[in-house]
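Pasting in a structure now, in structure tokens, and then I'll have a few things to ask.
Note that the chains are named A, B, C and D in the order they appear, and that numbering of residues resets to 1 at the start of each chain.
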Amino acid sequence: MANFGGHAIPGTFFLLYGLWLAVKHTLRHRWRKGKTPGRPKAPTFLRKMEYVEGGFMMFAAFVGIMVEQFVVDGPHARLYSSGAWVKLMNWQHSTMYLFFGIAGFANVTSLIKSMPLGIDRMSISLALFVEGFLFYYHLHNRPLLDAHVHTLLLVPVFVGSANAMLQVFLRDNIILELSLACLFFLQGSWFYQIGCVLFPLSGPKWDLMLHNNVMFTTMCFCWHIAMALLIISIVALLVCSIVKRVSGESRNVELGMRNTTNSSQKALLDDTDED
Amino acid sequence: MANFGGHAIPGTFFLLYGLWLAVKHTLRHRWRKGKTPGRPKAPTFLRKMEYVEGGFMMFAAFVGIMVEQFVVDGPHARLYSSGAWVKLMNWQHSTMYLFFGIAGFANVTSLIKSMPLGIDRMSISLALFVEGFLFYYHLHNRPLLDAHVHTLLLVPVFVGSANAMLQVFLRDNIILELSLACLFFLQGSWFYQIGCVLFPLSGPKWDLMLHNNVMFTTMCFCWHIAMALLIISIVALLVCSIVKRVSGESRNVELGMRNTTNSSQKALLDDTDED
Amino acid sequence: MANFGGHAIPGTFFLLYGLWLAVKHTLRHRWRKGKTPGRPKAPTFLRKMEYVEGGFMMFAAFVGIMVEQFVVDGPHARLYSSGAWVKLMNWQHSTMYLFFGIAGFANVTSLIKSMPLGIDRMSISLALFVEGFLFYYHLHNRPLLDAHVHTLLLVPVFVGSANAMLQVFLRDNIILELSLACLFFLQGSWFYQIGCVLFPLSGPKWDLMLHNNVMFTTMCFCWHIAMALLIISIVALLVCSIVKRVSGESRNVELGMRNTTNSSQKALLDDTDED
Amino acid sequence: MANFGGHAIPGTFFLLYGLWLAVKHTLRHRWRKGKTPGRPKAPTFLRKMEYVEGGFMMFAAFVGIMVEQFVVDGPHARLYSSGAWVKLMNWQHSTMYLFFGIAGFANVTSLIKSMPLGIDRMSISLALFVEGFLFYYHLHNRPLLDAHVHTLLLVPVFVGSANAMLQVFLRDNIILELSLACLFFLQGSWFYQIGCVLFPLSGPKWDLMLHNNVMFTTMCFCWHIAMALLIISIVALLVCSIVKRVSGESRNVELGMRNTTNSSQKALLDDTDED
């Protein structure tokens, strides 16, 4: 959908998915590190959220496909008509959504015990690969700046695909997991930037053939990387500190008055050993 | 062989090989996971099938080479004649078959105990690499769409080669193994698609220079990926459920009337713990 | 900054950083290998140096950004003015420095215990990636030799980025660590070479379109590799021999007169088993 | 050196080095697998051969550099003369030899115990990288077929470099080791092929612009791969069977008449369990 909204909607989804991944993986990391008998509830909550995540991805993919097909100027499920392909752009977007739907389905089925570990990451990797693959062959015959901002989009897409593929083999590596969150966030914010560049809401139009604009967008992409790093780091730190407070409180409540002094001393130690 | 049949024959082989790999690796995976004293027959059967697989690959490669050489318009084993190379296309196809024959040979020899682990995967990886390598230099001076559909073929070929190479080091990873099955299946179905595009059995000819046709085939390739995923998943699930039923029955027969109740309770547990 | 100084300043920093990495990692390697109760002081010293390193990187990045912005012909923090981007080159350099600053910050925070291992290497990898990424899109429309010497610069930058990324997963591998030191040293010395080629201090100007000059610089780059190898090796050997002497003395002093004979015999054995 | 001899000499070295690597690594593999108290002599012999190998590489590199510099039409150690670079081709070849000399030096020093494991493979990887790197920028402005046969040479060079780099981390993997032997052998035989194509000893000259010649050489390269596989496999099998016979004999002699029956039964078992 060639307008600002058509870039802002997927952008919003990717931004939120990046934030959610950061929250989820930070929680899982905390839980992995502090597997104490005092907080056994986290994994149940996390398992339920996986179902919600997978279900939401399937739902969003379905809605996305429907919208792409049945918007006013969409193909209305016709692929070939009177000797020509109908609205291939919409069909391509539908195909991308399909693979994110498959990823959502794999996310849910990966919770079944007898399923092999890692099919969730494999399917996310595939969804990103297909997205990048279709975008890559999307770019022929476009003006310089248009092609360039879409080429830059391929960086978070393909690096994200490689990252998710690596997670199939290197599970539970918090650096890989937060990097993937960053890459999704970056992709989302870059979608907004593309919308701003190609369909500016206000101000003058960008000159799509000016080389200086290409140089600026390249640099601007790096600023987006820095911003994604910053925001994902803040989210991870916030989640950590909330978990620490909540789990501290619940432990205190649980353990009662018996060993409060003991526990708070331990909490002090937890803080001071961060050296 | 530049006709529909020339693409359908290798396509059929790759489709069947993909299906067979899915069956084989699912069986091996089930056997690895459930190494109980009750079912010691699986590995013997699987070992025998490896001989059959390797033998068949050698046989098919031999037949393929013979056909490429001695069809009516083939080179008849002449390479250079009256100052020009004779039918280089047929010679290139023969070379590809040769490496799949070598892979079959390596498959059989890898069953000898003192052979290093992984030469079977190494040789499959090499066979795919050579196939992709020859195709890559095959594409000069072809019309746009012809070159494009062959370029897309390189995706399953080279990704498959990398996958098989990875399996040399990461053995017995079911995700890698089923991915390779998918990639062979995808290659097979894409061979059919190439045949349909370049030599349509019915309907109008495709315009080989139309950019929209390039865009459609790119998207169509993604649909082939989804279909390959679907079919390989169904095959793997079918094999799993058949194995479960058969092994359950054989256990029941074996154990006799003594502990049927016990065993069926266990089977129930096996089903219910898949949550 | 398009003059010799503008290449010599970053070159000097990279040369010194490469030397420092060689010293640091050799010390850490010696300490890892000889974790004897006799020398517990090394890690404290190394920890302190990490703070100094990180702090210095942040400081240098800050100074670099300020200089790029507020030199006489700099953009003075204006990005867009009267319908055109202001001094994009300076802004790009500022962006590169920003990511090295982030790497310095990550270096310091990675010393906090609850931080995940490897964020220091990840951030160095990212800083090098951003540097290479910006340089890559820097090269359009430049004369042949200018583009070529900058392309060669991308080799240590991107290989260094991949190397640092690998160190996230393969920690404490001395070969990777010294290779990274070599790559930084190589980058530094190549910056000097670029300065010499584009802005020769004396002698005739280089013909930027002559193909022989391209061939010479390619070969010259290999000589820089050999020189970087040589110097980093010498530094590592010097550090090793100094550590051996110092630790030997301190052990002797510590252990006193009690078992001097014993200890020197051991030192002799340490020397002789290097066969 | 642009003649048949100039390609045959390095070709011969690479062929012999490939064969030697196959012999060495098969011996080491046999010794690793059968670490029995009965044959403690193999490693000493292998250690000595490493010195010989490293020394020979240094010597050959030195001779190569001298020859390239002081042949009749060589640069005679002058680099720049009367405003132009002198014989850059010879200087580039000298640079390549230099890095193989460094690899030989690293091979010898890697035998010192306190040296980090893997610097021998690292340096071989670097030598191949530099070779490929210089060849890659060697190819501008050459006729089609000339450029193509040199591009094909880059395949064994860069794959060999990646293989040797991988061996830094995955030590003692016989498949990687024999693959590297194959790649060196392939490089050697392809050097001969390049010599034959560009400077045919007899028969007509090749048309350097004919596309069919490009297609033939691509296919011919695959035949060289198959041949390299075959010869390295035969060498490895020969070494294995000789070792088996020799070690069997020596064991028999050693153990004397006491338990001949026992030992020969064991040998029989060794043969029969290869199923």
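Rule of thumb we're sticking to: a contact is a pair of C-beta atoms (placed from the backbone, for glycine too) under 8 Å apart; a residue touches a chain by one contact, two chains touch by 3 or more.
Note that the coordinates shown come from a computational prediction; the quantities given were computed from them, not determined experimentally.
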What chains do chain B and chain C have as common neighbours?
A, D
Minimum number of chain-to-chain contact steps, chain B to chain D:
1
Comparing which residue numbers chain A and chain C contribute to their contact, where sharing over half means same and under half means different, the two sides are different
Centroid-based (C-alpha) most distant chain relative to chain A
D
Superposition of chain C upon chain D: rotation angle, C-alpha, nearest 5 degrees
90
In whole angstrom, the CA-centroid distance of chain A from chain B equals 33
Determine the centre-to-centre distance between chain A and chain D, using the mean Cα coordinates as centres, and give it in whole Å.
46
Hunt down the residues of chain A that sit against at least two other chains at once, touch-wise.
none
Using the touch rule from the top of the page, what pairs of chains touch, sorted by label?
A-B, A-C, B-D, C-D
Which part of chain A faces chain C closely enough to touch in the complex?
29, 155, 170, 173-175, 179, 211-216, 218-219, 222-223, 225-226, 229, 240, 273-275
Which bits of chain D are touching chain C when the two form their complex?
84-85, 88, 91-92, 95, 98-99, 102, 111-114, 116-119, 122, 126, 130, 133-134, 137-138, 140-141, 168-169
